[in-house]
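Presented sequentially are two complexes of chain A, the first with chain B as partner and the second with chain C.
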Partner chain A sequence: MAAAAPAGQGPRWEVFKQDAAGKPHQAVGSVHAADPEHALLMARSVHARRPAAVSLWVAPADAVFAVTAEELEAAGPWAVEDGGPNRRFLAFRKTSHRRAMTFVDHVGEVEAPGPRAAVAAAMVAFPEPPALTWWVVPADDVVASPEEEAGAWFDPARDKTYKQQSAYGLLAPGKRKRVEDG
Partner chain B sequence: MSGSGDLDPTLREALIARLTAMADDELILGHRDSEWTGHAPLLEEDIALANIAQDEIGHALLWLEARTALDGSDPDELAFFREAGAYRNVRMVELPKGDWAFTLLRQFLFDAFETELLARLARSSHVPLAEAAAKAAKEEVFHLRHSGLWLERLARGTEESRRRLLAALEQLWPYLPQLWQPLPGDAALAEAGVVPDPAELEEAARGRIMAALARAGVEPPAEAVPNPGGRERHGEALVTLLIDMQSVARADPGVEAW
Partner chain C sequence: MSRPAPSLDERERLEAFEARIARGEKIEPGDWMPEAYRKQLVRMIGQHAHSEVVGMLPEGFWITRAPSLRRKLILIAKVQDEAGHGQYLYHAAETLGAGRDELIDALLAGRAKYSSVFNYPTLTWADVGMIGWLVDGAAIRNQLMLAQCSYGPYSRAMVRICAEETFHHKQGKEMVMTYARGSAHQRAMAQDALDRWWWPSLMMLGPHDSDSPNTPQLVRWGIKTKTNDEVRQEFLDEHAPELMEAGLGLPDPALRFDEASGHWAHGPIHWDEFWNVVKGNGPLNAERLAARRQAHEDGAWVREAMAAYATRERETA
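After this line comes the complex of A and B, so read on.
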């Protein structure tokens, strides 16, 4: 499970946010938390207080196996795990260097005996567009926000628009008008 | 003003008192929660509790705006220019924030009560109140999940976390009944379907709290309860809280932007 972390902070969890039905869950950052349920609550507060969301996933950061296209190329023949029972992995990829608030997008699921084999399977199953980075996460390590409470978790954000600093009025000295008493 | 014209003057006064009590509970609790901003034990919890503080203060505004529709009062004036003696919050919410266990247990007790209150207010015969309650109820589901999670983890965490939780429970327990203690006008409001029946609300809130304590393996303290008195009674803690909370507004009462 999750790796040891600095005392008192809890292990780190990767957070995946889905903006709308039909869109992929996207990696948006991480939180520290004691356990999966705590991680989901922290993820909602840190990553879905303002922006739109309909679902969150969390996974222990050390359950994520990540590899870049450069690393795959440098590795040469990709030595995958063989033998052992197949496990379900969720596959995520990054396909663009454009500046974004998110990192990898969920593309689907593969079955493989280990994470390296899961990456190889994902490259076959989801060849286009070519991935700059792959993440695979055992499906059993991913915990989702409760669907039946989605309204309570995500609806309030719709009324809370993010305001830039300039949205708050400031009065320059000398130009100040006061409301007269009475 | 939709829904306000159908109240006779007695009910109107009673509802103003009820809305003020509810708003003051939320405002003072929200302010106490906000005192953790920058000081919470985890960065993520710092953000989460700041969110909850904002939500509670937002609920206070909902109730004060419902009051505005009845008597034209100004929510900012009520929040920032009333003395402690004019506040109508329960004692529990004004107590200093204490340690993390105290803050989260207080939040849990209030959330459990508020969840039951809002579920019933959402069916109020007074339409503006029902609409405001339905809006607040959504946020409350998440608050209760958060504080309920901490109740269990503090109870079952370490020897220290359990000791701190039990100490907080001893301190808060005598103040608990004040949450559902009816105001003089509540019976008439309940009769008219504006607010829930006080006895039924108490039973539901107590039931929710007792069930959660049992799940966490915590024995509630004995029921011998010193009466904390009515909502007009406050401790010194509220006075110092208000000095802090009201200082900016009072420094320049006529200011137009800040």
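After this line comes the complex of A and C, so read on.
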């Protein structure tokens, strides 16, 4: 066995956060981690320090197939993979240029032999509103935070109200106001 | 050898790109962009990420010295946020093709810059409050501007960071206001901290527009949406009156409110000091880099263990 290369930051994992039951998982950024379990822990520290989160997904960045509307247009006829067994893909899209904290939202699932075909299938399955960016990720590559431990994972952030700017009220230097301090 | 003129195709693409920005569209990874746009963003976002990471050091020093449990919890949360903000920003740079290891190597080797303000020492506990009020106050002004940026991943990182940094600003303001109303000793501590942090805070927003030749191009491409002097003016208009209302004196004899423009005006900035710090000769440049390198080396065994564990799990799966 060859000597291991000096360990760097490890592979990159895309992170998807769900704010509440019934809302879509949304792409919030990425973390570097050695394995999916490590990636989920990193994702919680980086992306769920404050409410609200009820679930996290991570997927290896290499497993994400991304295409923008501009790329689709430039590509002309969209060539898809032919044949092969169908696989399940999760589809995500971005639909607005508005300023936002999150990128693509989960819209649903499609079956296709490959990622290009999955994008084509997603455009048929979820035509409205038109997507500015599509992401498709093989369902087998997505790892979720443990549902039965959601409380232990996400509730502590709720109690740390001192991290919220609202905990400090309106601070007007000219007005005398009792400020608690140690 | 002369540079080839851009081909017609390239010029059309540039026009289409600039039209997209003029329409207020966000450029996303995968979209066509001029190489100069990509390079400028990698440089800016990388520096910004490094600033968040190095920014943990001046405050991290005070965690074990916090005067109360409440203040300790707040400071730990704030330093954790800076670590997280560094992660958001490294991610944004990576969407442009920069590698995480490469970015971190550039910081540790001293090739990459970070905000000059973190090369000043935190001498007393009052500095922790003053950094929140002034340094984070200036950073928020800059970041609110960058949240309008045309590059999607950078804009999103900024929106999230601004939402979290508002807590940093307010906890600092609260702390300084408490000291400014406290004992004579506490008031003196607050004033001393203000005397030392005021000018570095004004300088951290960058050189005057007359000395920033790249700004018009950055504004045209929506990388910046305001100039350094415009952001500095916003910072000054917000902070000068509030610091004075708190009973503190600003260390600028030329500071005045200009009735005609409705804005505050500051005296001359000592740019020699700014450039000296940027070039690596500030009070703590060497110490900050040494601390980062030490932390990186001390963490090597953890990264190796994680990689070895992941390899074993894969091989035995």
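Definition applied: the second predicted complex is superposed on the first by the 153 of 182 C-alpha atoms of A that agree within 3 Å, B and C clash if a C-alpha of one lies under 4 Å from a C-alpha of the other, contacts with A are read in each partner's own complex, and residues count from 1 in each chain.
Here is the rule we go by: a residue touches a chain if its C-beta (ideal position, glycine included) is under 8 Å from a C-beta of that chain, and two chains touch if they have at least 3 such contacts.
All values derive from a computational prediction rather than experimental measurement.
When both complexes are overlaid on chain A, the residue A:150 reaches neither chain B nor chain C. With both structures placed on the common chain, the touch criterion links A:94 to chain C but leaves chain B unconnected. Contacts of A:49 after superposition on the shared chain: both chain B and chain C are touched. Set side by side, chain B and chain C differ in how many residues of chain A they touch, and the one touching more is C.
Within the superposed three-chain model, A:34 lies in touch with chain B and with chain C [touch as defined at top]. Of the two partner chains placed by superposition, chain B and chain C are both touched by A:10. Once the two complexes are laid over each other on the shared chain, residue contacts for A:123 go to neither chain B nor chain C. Residue overlap on chain A between the chain B contacts of one complex and the chain C contacts of the other covers 8-10, 31-34, 38, 45-46, 49, 168, 171, 176, 179-181.
Interface residues of chain C facing chain A in the complex, by the touch rule stated above, are 24-26, 28-32, 67-71, 73-74, 77, 80-81, 84, 87-88, 91-92, 94, 100-101, 104, 147-148, 152-153, 155-157, 159-160, 163-164, 166-167, 169-171, 173-175, 177-178, 180-181, 242-243, 245-247, 300, 303-304, 306-311, 313-314. Across the interface of their complex, chain C is touched by residues 4, 6-10, 12, 28-35, 38, 45-47, 49-50, 66-68, 70-71, 74, 94, 97, 99-103, 132-133, 160, 162-165, 167-168, 171-174, 176, 179-182 of chain A. Residues of chain A that touch chain B in their complex: 8-10, 31-34, 37-38, 41-42, 44-46, 49, 149, 151-153, 155-156, 168-171, 176-181. Within the complex, the chain B residues that touch chain A are 41-45, 47-48, 51, 55, 138-139, 141-142, 145-146, 149, 153, 254-257.
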